[in-house]
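Listed after this line are the structures, all set down as structure tokens.
Look at the two complexes coming up: chain A is in both, with chain B in one and chain C in the other.
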Partner chain A sequence: MQIYVCIKHVPDSAANISIIGKNSIDENVNFLLNPYDEHALTEAARIKNNLPGTEVIAVCLGKADAEKTLRSALAMGADRGILIAKEKNYDSRVTALALKAAIEHDGKPGLIFTGKESIDEGGMQTMFRIGALFDFPVATNVVKLDIEADRAVVVCELSGGITHTYEMSLPCVMGTGRGLNTPRYPTFPDVVKSKKKPVQKIAFTDLNIKASLAGMRVIELKPLYQARQPKEIKGDATVVAKELIRILKQEAKVL
Partner chain B sequence: MDKKFDAIIIGAGVIGCPIAYELSKIGYKTLTVDKHTDAGEGSTAGSCAIVRAHYSTADGVAMAYEGFQYWLNWEKYLDNVKDEKGLARYMNTGSLLVKSQGHDWKKVQKNYDEVGVKYEEWDNDKIKKMIPIVDLHEFWPITRPEDPAFYNEPVKELEGGIFCPEGGYVNDPTLSAHNIMRAAEAKGAKFMFNAEVVDIRSENGKVTGITLKDGTRIDARIVVNVGGPHSFKINKMAKGVWEGCNIKTKALRHEVMYCPSPEGYDYLNDGYHMSDGDIGCYVRPEVGNTFLVGSEDPDCDPQEWVDPDTFYAGKGGHGKDNVLTEEQWKAQCYRLGKRIPTLSVPNQPKGVVDLYDCSDDWIPVYDKSDLPGYYMAIGTSGNQYKNAPVVGHMMAKLIDACEKGLDHDKEPLQYKFKYTDRSTNVGFFSRKREINYNSSFSVNG
Partner chain C sequence: MKNIGVIIELDKGRVKEANLGMITLARAKDVKLFAFVLDKQAISVKAVLESFGITTIVEICLAKDQQNNPATRAKAMINAIKKFNISMVFGLCTAMGKDFLPRMAALLDAPLVMDCFFVDLEQKTARTYQYSGKIIATIQLSGQTLLFGIRPNAIEPVKAQEKARILKFDSSHVFAGGLRVLKSGGAEKSTAINLAEADVIIAGGRGMKNSENFNILFQCASKINAAVGASRVAVDSGWVPYSMQVGQTGEKVSPKVYIACGISGSIQHFAGMKTSGMIIAINTDENASILSNCDYYVKKDALEIIPVLTRILDNG
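Right after this comes the complex of A and B.
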């Protein structure tokens, strides 16, 4: 089986993001593998371990420096990578068309993974668009996955922690959530091995994605400033603990 | 607040607080001012708080070894003061210096013998027994992951290490400064926070006090610069001081990483502090069973000298601001990953970026200045945390002696350690010294 893992090269959530002009950011910050995609890669590597003969291919639509993020995916267990090299940013409609074209050109997907969202744009559309283009079933925020002979049994988490279990035919598309697994990060020997793995580069323009009037574009980005308001709880340990429990219950509503 | 004091200490970090403490103990009325909100919130908070004895000079070893006595007897040092935040804890893990081309370990061993530091020589088998996760190949020379040579297969083995059963780290550096502040307050010292110094005033060639950003003027006949990474800016405020220093200080950006311990290895409870010059890293346990990975500043790594105010404001851009860089994250974690092949390195950098107050030769300046009444405990270069209580005592002795007429420039004070049976020439730390080429010119000191 061929498993395609669609990954995205995103700014580090810890970066100091500054807006340039009205609708783009200064990209001279750390970029890394979208954290939700780490769960996808870890799951793909797990399936590969259980199903001999499986090949895991990481696919990324990104600018030239996204190659390092593809290398991270290879260090996490993908066998090879495909970089669809772009020069500007596209919406999720074009992204899905490009990923579909590259995957279709490369092989025969048994499973396609994406993260359930990207931490930069958070559009949460790509997995559905890919599914629609291939005519494959799609599940998102997948927190448990079992592959059986010709089907997948998946558990998806909905808001409020409710879960739904589905049976899906293969091939299918999975948007992975945080609850699925603990990402398996690479060791230095993994990094060394990944350097020898092949990365194929395709120019976005070679995919002949047809222009369309349909599309989305960012008009304006605005920074969100959140003022920190630390408050010291004073008193002895009993008083502090009581107040903390009250805040967690009544204000934060996490208990 | 009473606006007249004997001594004003600028900086309530882990070195400023003990100076206030020791001066208060000998009767000086002190005020410590700090631009932060509490003690130890400046670059002290970013310190790895390593306590180890290996330095490139015997005096360096002796001072660090003397410091152990303070950390081992922390409550006694604090005169059993109560701190509502609790007490910092000294984690005496033991400290391993890997014998490598990156450290002049033979010199360190000689210094240990001279000072009487307890140590054991460990061969590779012993290291493997004590730290089963390590690969003891030699990876020298240190390179960066961008360099193809970084991935060369090692061929030789290391030759063991020197283990000091005394050594480790302090679990909460900010809290340790806070503890000393409480101890100082118990002796009458005053502290003032959210107080940024904008001027050092002087009259008739003598220091007279400071002016704060809000215009408050506070008078004192003694002012001590313990401003950490801001030390050079404070020196420039005092008439003739900057010009009178042969050794200058400046702020060096430095990254320290948190990398999770390999599965099945309890580094937090079973691990040692380790200085590994072969890969240019030092490590110590951190909460959450992680490795705190510091860099020994190998020559191949870039050095970013920054303006501290721009840096702390999060400005300056990639590699210059207060955000970890992926490049350095990979460099430090992959170097450690060579030594520990089962170490998993997450994709997102995690750690601390802060500043060293670095002197021209990486040896601190503990001295008077060309402006009478103005003193300096600066240029701590990332390696003086462990010495802080000793420096507090030594600076108080120096200030007291100079105020009583000692010409320290001509006849340098000989400081007698409290616990270790030896003295040190405080002139070693003089602002007037020529650059000391015996220094390691690194955080190793």
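Right after this comes the complex of A and C.
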């Protein structure tokens, strides 16, 4: 079976983001593998362990420097990588079209993984678009997964700890969530090996993705400034508690 | 005249509070507001919906064994959108919405912005947070049908009385192949009130020290109708389930009040709660970064303050 893991090269969550012009960010910050994709890679490696003959392919739509992130994916267990090189950013619709075209061109997917969302733009939809393009069933925020002969049984977590269990026919697409596994971080030998694994580069423009009227375009980015003016509540526990109740009642009006 | 649709989320047969702000946002002059209800309960929610300006309620009737299937629901919903000529669709960016709105957008090949806190119907733009809540992005949508996932609690509900008719839309034949629901709605440890939709959240971090101490937060929460959240440290230490985590890799919340107990206020924690109306921090360390980014703070032991608060609330 071939397992494709779609990964994203994203700015480190601790990085300071500054805006250039009206609608771009300064990309001169540390980029890394989207944290949710680590669960996808770890799960793919686990399946490969149990199913000999499985090949894990990491696919990334990114600018040239995304190769670094693709190499991290190879160090986490993917056998080879495909970098769809882009020069500008695309919305999740076009992203899904590009990933689908690259996967279809490369092989026969048995499973496709993505993270449940990316921590930069947080679109939460790429997996569903890939699924619709292939006509494969999709589940997101998968926290438990069992692959059987011809089906996948997945537990998906909704908020409040509520879960749904779905059965999907194969092939299928899954957005991985944090409860799925503990990411297996690479050892030094893994990193060395990853440097020798093949990475194929395709140009986005070679995928012949048709222009469409439908889409999403970022027209403006603004930093979120917060002008909170912290005030201290002093006194002993009783005084503090009474003041908190007053604030909840009179200012926040929630009591 | 534009037709705009809002997908109503019910909870035990009642219209969830978060729908009302969403309807308020979708309302405008020259707009016909449709409410879509995917459960056979349109009659029972008619009065509430019309008091917020809905003029047509469409009850989507699904086969019994398909009612919980998000893929079937999405398919039925897009049939309804086409039938009623809906050009903009609003849904809640809740757990259910996250498993539903993107399915619709994918099937329609239509644009969707999730987690919007504002939508400009004229400009066809949506505003959302990006880069761990550090940036506000304005996104322009184009296409025949535009979809918006609205962050619960982001918009203040305002009433606008109308009279609504109810239409039934038979979708009992709709069936999504490939995905079957084996079990729906199992809970690990039900956190009573849903984090994403709560008006008040009381959250604990490393400062709570152990799992038992979280009961102090649960007891207080039950008095003020709050949900209980946690930092990643509290989750990773095994004190509370992951479903309670607030932050970058947890739940994104916008309650009216967020009370942080023993939480330092890391960038990643703020990514999930910085849009709260009011932030109150209880922290023993005067250098904790949360103290410089909140509305009120108490430089004391949370394990001492919270039980006293609960006791006073208890005595009226």
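The rule is simple: the second predicted complex is superposed on the first by the 224 of 255 C-alpha atoms of A that agree within 3 Å, B and C clash if a C-alpha of one lies under 4 Å from a C-alpha of the other, contacts with A are read in each partner's own complex, and residues count from 1 in each chain.
We adopt the following convention: a residue touches a chain if its C-beta (ideal position, glycine included) is under 8 Å from a C-beta of that chain, and two chains touch if they have at least 3 such contacts.
What you are looking at is a predicted structure, and each value in this text was computed from that prediction instead of being measured.
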Which of chain B and chain C A:229 touches, first, second, both or neither: second
Per-residue touch tally on chain A - higher for chain B or for chain C: C
Which of chain B and chain C A:211 touches, first, second, both or neither: neither
First, second, both or neither for A:35, with chain B first and chain C second: both
Contacts of A:72 with chain B and chain C, given as first, second, both or neither: first
Partner chain(s) touched by A:192 [first = chain B, second = chain C, both, neither]: first
First (chain B), second (chain C), both or neither touched by A:163: second
Contacts of A:14 with chain B and chain C, given as first, second, both or neither: both
Partner chain(s) touched by A:149 [first = chain B, second = chain C, both, neither]: neither
Chain B and chain C footprints on chain A, overlapping residues: 13-14, 16, 35
List of chain A residues in touch with chain C within their complex: 11, 13-14, 16-17, 19, 25, 35-36, 91, 93, 96, 119-125, 127-129, 131-133, 136-141, 153, 156-169, 172, 178-179, 212-224, 226, 228-233, 237-238, 240-242, 244-245, 247-248, 251-255
Complex contacts: residues of chain A adjacent to chain B: 12-16, 28-33, 35, 38, 72, 183-189, 191-192, 195
In the complex with chain A, residue positions of chain B that touch it: 151, 314-315, 317-318, 321, 323-326, 334, 337-338, 341-349
For the chain C and chain A complex, residues of the former touching the latter: 68, 71, 94-96, 98-99, 102-103, 105-107, 109-115, 125, 128-144, 149, 176-191, 193-196, 199-200, 224-225, 241-245, 248-251, 256-257, 267-268, 271, 274, 277-280, 291-300, 304-305, 308-309, 311-313
